[in-house]
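In the two assemblies presented below, chain A is common to both, partnered first by chain B and then by chain C.
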Partner chain A sequence: MTESAVIGKSALRDDAYEKVAGGQGYPVNVKYPGMLHAKILRSHHPHARVVRIDAARAERLPGVKAVLLPKDAPQKAYSPVYFVPTLAASMVQDMLVLSERVRYVGQPLAAVAATTPAIAEAALELIEVDYEELPVVFDPELAMRDDAPQIHDGVPNNIAAHPKFEFGDLEQGFAEADYIFEGTYETQRVHTCYMEPRVCVVDVDSRGRVTVESSMQHLFGLREKLAFVLDIPESRVRVVKPPYIGGGFGGKLDLGYIEPIAALLSMKTGRPVRIEQSRYEDFISSARHPIKVYLKTGVTKDGIFTARYGKSILDTGAHATHGAEVINVHGFFGFLLTYPCQNQTWEGYTVYTNNMVGGGFRGYGAPQGAFAVESQIDEICEKIGMDPIEFRLKNSRAEGDPHPFNPEFTLSSYRFEECLRRGAAQFGWVNREDRTRTENTKKRGVGLACQPMWVSGCLGFPDIYEHSGAIVKLNRDGTADLAVATIDLGSGQNTTLRQIAAEELGISVEAVHITQSADTETVPFDAPSHASRVTYSAGNAVKGAAEAAKERLLEVAGTMLEADPQDLEVREGRVSVKGSPSGGISVGAVVERAESPFVQMTAVGPQPTTVAEKGTIIGVSSMAPASNPSPATAQFVEVEVDTETGEVVILRAVFAHDLGKLINPMGAQGQVEGGFQQGMGYALMERLQFDPENGACLTPDFLDYKMPTAVEMPRRIESIFIESNEPTGPFGAKSLAEPCVIVPAPAIANAVFDAIGVRIRQLPITPEKVLAALGKLEAN
Partner chain B sequence: MELDGFFTPENSDEVIELLAQFGDEALVLGGGTFIHSLAVRGLLARVRLIDLRNLALVGIESASAGVRLGARTRCAALARGPSEDGRWLGAVHDAARHLPLQVRNAATVGGCVAAASPFFDLPVAFMALDGVVGARGSNGIREIDIEALYLGLFENSLQQTEFIVSVTLPRMPAGSASAFVKFASNANDLAIVSAAARVTVDASGRCTDARVVIGGGVANRPWRSRAAEGVLQGATLGTDTLEAAGDAAASDVEPLSDHRASGRYRKAVAGVLVRRALTAALARVP
Partner chain C sequence: MKQIVNIEVNGDVHEVAAEPRDSLLEVLRDHLGLVGPKRGCDGGGCGCCTVLLDGRAVYSCMVYVLSAEGSAVTTVEGLAEDGQLNPLQSAFVEAGAVQCGYCTPGMIMTATELLADGEDLDDDEIRHGIAGNLCRCTGYQKIVDAVQNVARNR
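Our next item is the complex of A and B:
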């Protein structure tokens, strides 16, 4: 393979300037002429039946154009999750757009469309609601009891899903163990904190066609789910692709309440309707699920797993939504597949409560699992006196092994050991005892955590879409237009895909342009921007489309150069005979020829050209990837704990990751650093909190919901990228996006233990928990 | 929030007229950061804003008697320092540096004092320096000890037709220094606990005067700990004394418990922060 011209070289984002100048492409900036603004009335009760709802006064308020009540909304149960068929058996269809039964504080009850947001807001106050309050339960383990309030009819013990998987003989495994470890690990509810709120504009025209613009992570998922809820054919819904959105991180992977509400209000009024959520509304729309993990683990004195048992209780809130799938990803990629063991049992419970609903969030169940598993490994190593790196390597898989999730695949590229070894070397793990450990009342510690197994997309997952498509069209100026349904969440997907197309086409990255407009009518299906899949899966599709375009380009060039297309290549924007780069012609000239009129007027009169050359040079692909390769990850951190205030400061972080092939170094570093920030926030401070009595949100904005700012970030975050060259990936690439969020929390927890000798098994590790663990707080 | 009027009076008398006219609905606008935070949380109903932009009230005037801060002086203007001969002002500079960057450039000295929030940083420092608030009313300027300005949470002792024009910090004698420390969740946070300390030390190393003030959620206003000051007064300020002062301060408060921190945590940290503020102040004594 010749040296890459584009791949592996940092490429600038072509939308960067536009974004800092206000970001016209953000859906929040979309405006339609004559559009109305809608606001949503939300329940104040965590569990109640609406016995009366009267909007007569609201309807009379000047400026109000329509009111939407439960009776006006289709009572058709659905699951809002984008990446599965709407009626997928693995999901739970338990939501209504507007229902007269509310199950959490903040559930939509009614909506008003008005000429201004302020009028709509004022009208909400005029809607009278009488409730019949119902008993509530906020703790999932209490919700599982026989005497608990029933949140959904026909769901005994409020268990929405209960997957269980058994391998080998667990009892035998425990009998063979020299040591058995038991522990309970708990995680909290956190929000992705994307910057752009959930926002949409929906326009239902006079022909009944629905046009939607929204800040979301899946063009086709929104079309499918919205059409289902509105009970209209999919083809009647056109979802416009945003050039980019202001962050998603998994938090925009499901149909919001806003899109169907806006659509129904637009149908009522005949005008476009816009809804923008407040930060509070965003905070109660989606979150990473809290999961309580019970682990029981048997190991030999030589550090080999003999038995692993896990039980996970997931608080899915008022509706199952993602909770039905997160529990499985958590079970497999947070527990069962992480380290091989002959005897394993895991069972999960997705439990309804009167809490807010959960959603997608980078890691999708794995962070909760990694916190438990990686913390416990640290406890095991402490007890048996083994280095945590050696322990993990004794219990790991190697390149060429069968893929544990799908035996049809092998771990064709897999460098877990190299992640640990190179990370350790750069961090100075071996000499870690030589560091300064104590300075006055501050103590320092180091820790590591791994994500040995992860995904590059969802191929092989039951019910989850995994295919992509692309259109590459060459222009007469030698550039290419790339049309995809893939949405850039802000993590630079557009740039990565441009690089892949450019490399394949032999032109510069600047010469590849992502089409300014695209919608569900004009581009092929793509699964969402999620599951660490875009570079690998959409990347393969883009490469496929570029290959097809290039094939045609070389055919036309072949007639021009009187050469066999097989003997031609494209480099730096020129087509030439392989090995003779000096001759040849520009890509633009070839396209010009293909698009020129068949007969051309010359000095000697009209002259025909060749019919076979004519036509736009275009390549189209739509395909599923060949595999689902696993990346591998190791994270090392050093922390300093103030033993008087309990504050934990991160001094340094080293991250090592096998990503197959580095496409855009600067983009990759940015993704790791952003991931560390989210992982660190999860470890130390972030949590959505609710009043334990009435379920009201106590952290409705960033004054009370705390995430790390630039000031709290470590001065050094070092990224080591290991290129294992995945044979099925575009130019050898697989995935990067999520492990960098999954591993910081356990690495930090392990470092805190190293510093102060006390283990904290409940996230977040707040200063208060540290002081309490140190015995420095008075008893209650 | 429903904005029912926005006024930019040209002088103090016009301000007072507007305050008299609109009563409870009138709010004086300095930097607007506090008013904004109330508005976005839906805590303001119908308001009329009286913007002081046309009144001078800006600047830091240093004289032999002390330092006078105009009410409209931006908090950012206090972030640099202390100078060699201004060590007694150390707490003010420390506190200004703790304001979130996004707030510092807009918030004003007068606004942060008038808000009567124990969670704000500068007032805690001002109280440790015996700050005096100048309140302009129809009868001229009334001087109020800053401790007396604070009645309770978000409640100040200004009369309906008074507004703050200055904060004066009387010059402390030679051998004086002060410092402020804060504990919060991140750099954009209000204090969970904060502490300001000021000491005056004579040639023999004996403490001749001290102030200890605790902010954050330890009381409904910045809390001057006379118990801690009693430990320091007349003592030689060794490690044990500072520790004892911290303990006395912690025993002196009954902090609130909320979703950000428990009362017992705030109590424990209050003692630590008082000791740290004292240590930092002492290190600044020339």
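Our next item is the complex of A and C:
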């Protein structure tokens, strides 16, 4: 393979130039002429039946154009999750756009469209609602009891899903163990905290065609789900691709309430309708599910797993939404697949409560699992006196092993051991007994955690879409337009995809432009920007489209250079005979020839070209990826715990990632650094809190919901990229995006234990919990 | 009851009819059509709406526009010099400090104030200086680098 011209070299993002000057391309800026503004009336009760709802006074308020009540909305149950078919058997269809039965505080009940947001807001106050309150349950374990209130009819014990998987002989495995460890690990509800709110504009024209612009992570998912809810053919819904959105992180992976409500109000008024959520509405619309994980684990005295049992109880809130899928990803990638063991059983419960609904969030169930598994491994190592690196290496897979989730594939690139070894070397890891300890009140400790198995997309997962498409079109100035459906949430995927196209086409990355006008009518289907999939899956599709364009380019160039296309190559924007770079012609000249009139007038008179070389040079692809390779990750942190205040400060963070081929070093570093912030917030600070009596959100803004600022972050986050070569990936790449969010919490928990000798099994590790663990404060 | 407010924004003088409850952010975005100041929380918690008000970085969502009568406002749209990005904007692009970019204009305005007195800034001073601006993508590392680069190279 010749040396890469573009891959592996940091490329600047072209959207950054626009964003530092203002940033016109966000959905929040979209305005349509004559647009109305809608606001949503939300339930004040966690569980109630609406016995009367009267909007007459609201309708009379000047400026109000329409009111939408439950009776006006289709009573068609759906699952909002974008990446599964609407009626997927694996999911639970239990939501309505507007219902007269409310199941959590904040559930939409009615909406008003008015000429200004202020009028719409004022009109909400004029809607009269009488409720019949119903009994409530906020704790999922209480909700599973026989005497608990029923949140959905026909769902006994409020169990929306109960997957269970058994491998080998668990009892035999425990019989073979020298030690058995048990522990319960609890995680909290946190929000993705994307900065741009969920916002949409929906315009239904006089012929019933629906145009949607929205801040979301999946063009085609929004089209499918909205068409289903509105009960119209998909082809009547056009979803416009935003040039970029202000973050997603999984929090915009489902049909919000806002798009169907705006569509229904637009149908009623004949005008475009815009809805922008407040930060409070964002906080109660999506969250990482709290999961309580019980583990029972058997190991030999040599540190080999003999039996692993896990039981996970997931609080999915008022509706199943992502909870029916998160539980499975949690079970497999948070527990079963992490370390091989012959005898394993895991069971999960997705449980309805009267809490807010959950959603997607980087890691999608794995952070909750990693916190449990990686914490317990530390406990095991402490007990049996083994170094945690050695323990993990004794229980790991190797390159070439069968893929544990997709047995038809092998782990064709897999460098878990190298992640641990190189991470440890850079960090300066020393065995516990050899660490120096300070005598003062600030105690330092080190910890590590791993995510040995993860995904590059969803190939092999039941009921989850996984294919990508791309269009590459060459221009007469030697540049290329690249059209894809995947939305850049901020991660920099557009730049990565431009690099892949540029490398394949033999032109510079600056010469590849991602088209700014794309919609569900013009670009091939793609699954969402989620599941660490875009570089691998969309990257393969982009490479495929670029290959097709290049093939055509070389055909035309062949006629111009009177050479066999097989003998030609493209480098630095020029087509030439292989090995003779001086002789060639520019890519632009080839395109110009292909697009020229058939007969060209020259100094010597009319000169015909050939029919065979005519036409736009374009390549199209639509394909599923060939595999689902696993990246691997290890993280090392050093903390300082103030035993007088309980505060935990992160002094150092070192990540080692096997990501396949590294495409954009600066972009990859940025992903990891941001991922650590999300993981560290989860570990130490963040928690959505609710009134235990009435279920109201007590942390509806950034003053009460604490996420790390620049001050709390460690002064430098170190990233080691271990470049394996994934044979099925574009130029050897696989994935990066999520493990960096999954591993910080257990790494930090392990470091806190190392520092103070007390194990905290409940996130977040707040100063109160640290002081309570030290016996300096009563636990609450 | 609307009142007339005179404010100078990025060098242009505007006469705006605003309700007493209107924030400076609403006027900048919804009346004057500027997209740089972003609404991230509308409650003084995220910093996405940060602008300079008479040279001071403020959360424009927390300023009643009537109180800005006669003031000069600078948004990120007002930073370009001769149609080119200014050094701080360029530094954000080059350091990889921009990911989703929603916090970026506010972050740049805060950093503009931070850099205004020409003093050297160490890592800690920059971090405390931007602590009122949240970012969820970058972990702040490359933002600090960008500000540091400007502080060093002037």
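Assume the second predicted complex is superposed on the first by the 768 of 780 C-alpha atoms of A that agree within 3 Å, B and C clash if a C-alpha of one lies under 4 Å from a C-alpha of the other, contacts with A are read in each partner's own complex, and residues count from 1 in each chain.
Assume a contact is a pair of C-beta atoms (placed from the backbone, for glycine too) under 8 Å apart; a residue touches a chain by one contact, two chains touch by 3 or more.
Please read these numbers as outputs of a predicted model, since none were measured by experiment.
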Which of chain B and chain C A:Gly457 touches, first, second, both or neither: neither
Per-residue touch tally on chain A - higher for chain B or for chain C: C
Touched partner set for A:Glu644, first chain B, second chain C, both or neither: first
Which superposed partner A:Gly221 touches (first chain B, second chain C, both, neither): neither
Touched partner set for A:Tyr244, first chain B, second chain C, both or neither: second
Chain B versus chain C as contact partner of A:Pro272, first or second or both or neither: neither
Touching partner for A:Gly729 - first (chain B), second (chain C), both, neither: neither
Touching partner for A:Gly667 - first (chain B), second (chain C), both, neither: second
Which superposed partner A:Leu771 touches (first chain B, second chain C, both, neither): first
Which of chain B and chain C A:Ser491 touches, first, second, both or neither: second
Chain B and chain C footprints on chain A, overlapping residues: 701-703, 707, 709-711
Footprint of chain A on chain C - complex, ascending: 19, 21, 34-36, 38-46, 48, 75-77, 79-80, 85, 89-90, 92-94, 96, 98-105, 108, 123, 126-128, 130-144
Chain B residues within the chain A interface of the complex: 37, 40-41, 183, 185-190, 259-262, 264-265, 267-269, 272-273
Chain A residues within the chain B interface of the complex: 644-647, 685, 689, 698-704, 706-712, 767-768, 771-772, 776-778, 780
Touching residues (chain side chain A, partner chain C) in the complex: 10, 12-13, 15-17, 19-24, 26, 28-29, 118, 192-197, 244-247, 249, 276, 278-279, 489-492, 666-667, 669-670, 672-678, 701-703, 707, 709-711, 713, 715-717
